[in-house]
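Here come two complexes built around chain A, the first alongside chain B, the second alongside chain C.
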Partner chain A sequence: MNLSDMLGSDVLDGAGERLGEVSDVRFALDAGAGQLLSPARLVGIVVSPRTASSFLGYERQEISQPWPVAQLLRWRHRGSFLVLWEDIAVMGSEGVRLRSGFTAYDARLTR
Partner chain B sequence: MSERKRVQPRQLHAAPSPAGLVLDAQLHLLDRQMLDVDGVPVTTVDDIELSGPEPNEEIPEGTAPPQITALLTGPVLGTRIFGGRPPSSRLIRIPWKVVAGVDTVVTLGVRADSMDASWVERWLRNHVIARIPGGSHEP
Partner chain C sequence: MKRLLGVALGILTAIGGFVDIGDLVTNAVVGSRFGMSLAWVVLVGVVGICLFANMSGRVAAVSGRATFEVIRERLGPRAGLANLGASFLINVMTVTAEIGGIALALQLASGVAYILWVPFALLAVWLVVWRVKFSIMENVTGLVGLSLVVFAVALFLLKPDWGALAGQAFSPSVPAQEGAGVYWYYAIALFGAAMTPYEVFFFSSGAVEERWKIKDLAQSRLNVLLGFPLGGLLSIAIAGCAAVVLLPAGISVTSLSQVALPVAQAGGQLALAVLILGVVAATFGAALETTLSSGYTLAQFFGWSWGKFRRPAQAARFHVSMIVVLLAGVAVLATGVDPILVTEYSVVFSAIALPLTYLPILIVANDPQYMGKHVNNRAVNIAGVIYLFVILVASLAAIPLMIATGAGA
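After this line comes the complex of A and B, so read on.
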């Protein structure tokens, strides 16, 4: 499966209500980096209620300059949240459906 | 307009922080330049191939998360402007296991000459540039 099939597709909750669109897909490397990188596993998807466009890096907590751009992008992506892999029931080109009772996490990156 | 109706989760929890490097696909990987082990530009990341569940099929609970199997590159300019995407057969795979680092560029641990992604440059070097007088050696 290719990532571009999923980016920008609709995200529905367990009852079929629309939550937003897939704005980004988060991966994590569990082992420390050696000469080559260790496998990258999917952590979850970032759901943005209004736009599937990129955050342009403003999802990092400490970035706030230039101020007008940061404000605009934060406002455009307000209400975004992270859903972990465990809560994804179906994903693909027809959209992503979450399990009922999924947990929404803060999507901001700390570093 | 009912299909545009949105519901919002009521409460956001603090996200678990994985011990290792965290990569957001759009932010850290897609459209990044790839450099080979000698710093020679190879190509850019146009798409990412994932292992794991079949698309659009129910994922059983407890399934292991998908992993990145390869970075994909190919002729995507036209499809970005006009929509759609090139067939998978037209995309060139760069396996994730040769990736050495992700920073402002994606660094590979192999030489560009060993990869399919740089065949156009190699062909032009051998068949066009090398035939220009003085083109077969460094200045």
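After this line comes the complex of A and C, so read on.
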């Protein structure tokens, strides 16, 4: 499975209710780049209730220019949340199903 | 002194580089049909291209990377691909139009049918792209292209009624014999001719080719802010010549010889010779720029090594893709399609595709992770968003107007 194939696939909760679509995948770098690049660890997926289109970088809170592009993109992605890898029950060609009782984290990035 | 010379050279190159076959044809067509009543669009377009080139030049100089690399990294491959598709299509169309323009100008000089000049033009463009140093290529075509100033001289020699011309320009109205739809269709075409995206890709990639740093920003700003407006004045002079000679005679421009007619009438054979030299240089320069732009955009998106500062063997895919683009352009011309028609469509499609190339640059120029303290300031952002709106409206209106007016017929 290619991770980019997951972008845009449906996300269901434990009960089978549709929550939205995968709009992004989030990684963490656990260490600074060394002799080899630091391995990236998959943290989770960003679920957007309305659109699978990209945030175009406006998930970073400190960027609010140019008005109204930033505001429009944020508005389009309102209600987006981050689900950790541990909370994903199934990920496959039928889409993503979350475990019941998953935690929805804020998808925004702050410094 | 050397610095001053550099600035002067940059400005002169920008003037010569501003006018290409799209500007030549569209301005003459508009002048011959609408007089000076669309001159305001050239102004709007020039301010737009200054803004656009300023942002992308700054992105290139600050990040040390060309616009397309940054766009793909910052907006992701999907948004980047939409941008690439639109820009590449326009580039190929423009390459076709420019090569046709070189051939038409050589036909004007020699009387030999333009189609026979096309292979020659192709070979010449390719040889220069392959062999000639970036700065030489840029400066020679820009400086020789300056001979298009003959349009401005011709306008003076024609001794027009300046008051009437100014009246048309400053209180524009749709001429009685033309419909409002056609007027707005040509407004969009003229806007697209002034704001062709290839100029911007070329400009920002050129900044990397010439290894610009932050300290060169002031000079780049000067080149753009003086060179492009003066190029815009040249555009208006082209329209003016057509408005003075062709409009009263009821000739609407459909060929390059008609573009040249007012100049020949005003200045005779000598002026015509200078004009042909200018047209060859301007279209040749633009053919180089568009060909290189196609290579730049593809290579930057796919991460190939690129640039004329590398030897061709070290940027093989970059050079092969440019050969393919040139051959594609020549293949289109070989069908016998009128290059003037290709030009007219290419400027309108430029306007249609513009939002896809403009918005990413506007976004990146606002990203402090790339730009540090050189992000857009407030004034640039206000202008930038106003232009985003103008560009969107022009883009959305273009196709309906094209259909409704039969492409301005």
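The rule is simple: the second predicted complex is superposed on the first by the 110 of 111 C-alpha atoms of A that agree within 3 Å, B and C clash if a C-alpha of one lies under 4 Å from a C-alpha of the other, contacts with A are read in each partner's own complex, and residues count from 1 in each chain.
The criterion applied here is as follows: a residue touches a chain if its C-beta (ideal position, glycine included) is under 8 Å from a C-beta of that chain, and two chains touch if they have at least 3 such contacts.
None of these values were measured; they are calculated from a predicted model.
> With both complexes overlaid on chain A, does A:13 touch chain B (first), chain C (second), both or neither?
In the superposition, A:13 contacts chain B only.
> With both complexes superposed on chain A, which partner does A:2 reach: first (chain B), second (chain C), both or neither?
first
> Taking the superposition on A as described, I'd like to know which of chain B and chain C A:54 touches: first, second, both or neither.
After superposing on A, A:54 lies in contact with both chain B and chain C.
> Report the partner of chain A that touches more of its residues: chain B or chain C.
It is B that touches the greater number of chain A residues.
> Go through the superposed model and pick first if A:68 touches only chain B, second if only chain C, both, or neither.
Touch partner of A:68: chain C, not chain B.
> What is the shared patch of chain A, the residues that chain B and chain C both contact?
Looking at chain A, the two contact sets intersect at 54, 57.
> Spell out the part of chain C that touches chain A in their complex, as residue ranges.
Those residues of chain C that touch chain A are 74-76, 78-79, 359, 362-363, 366-368, 375-376, 381, 384-385, 388.
> Given the complex with chain A, which residues does chain B contribute to the contact?
Residues 3-9, 11-27, 30, 47-50, 52-59, 61, 64-68, 72, 85, 88, 96-102, 109.
> Show which residues of chain A lie in contact with chain C when the two form their complex.
54, 56-57, 62-63, 65-69
> In the complex formed with chain B, which residues of chain A make contact?
Counting only chain A, the residues touching chain B are 1-5, 7, 13, 17-20, 23-33, 35-43, 46, 49, 54-55, 57, 59, 79, 81-82, 84-86, 88-94, 99, 102-111.
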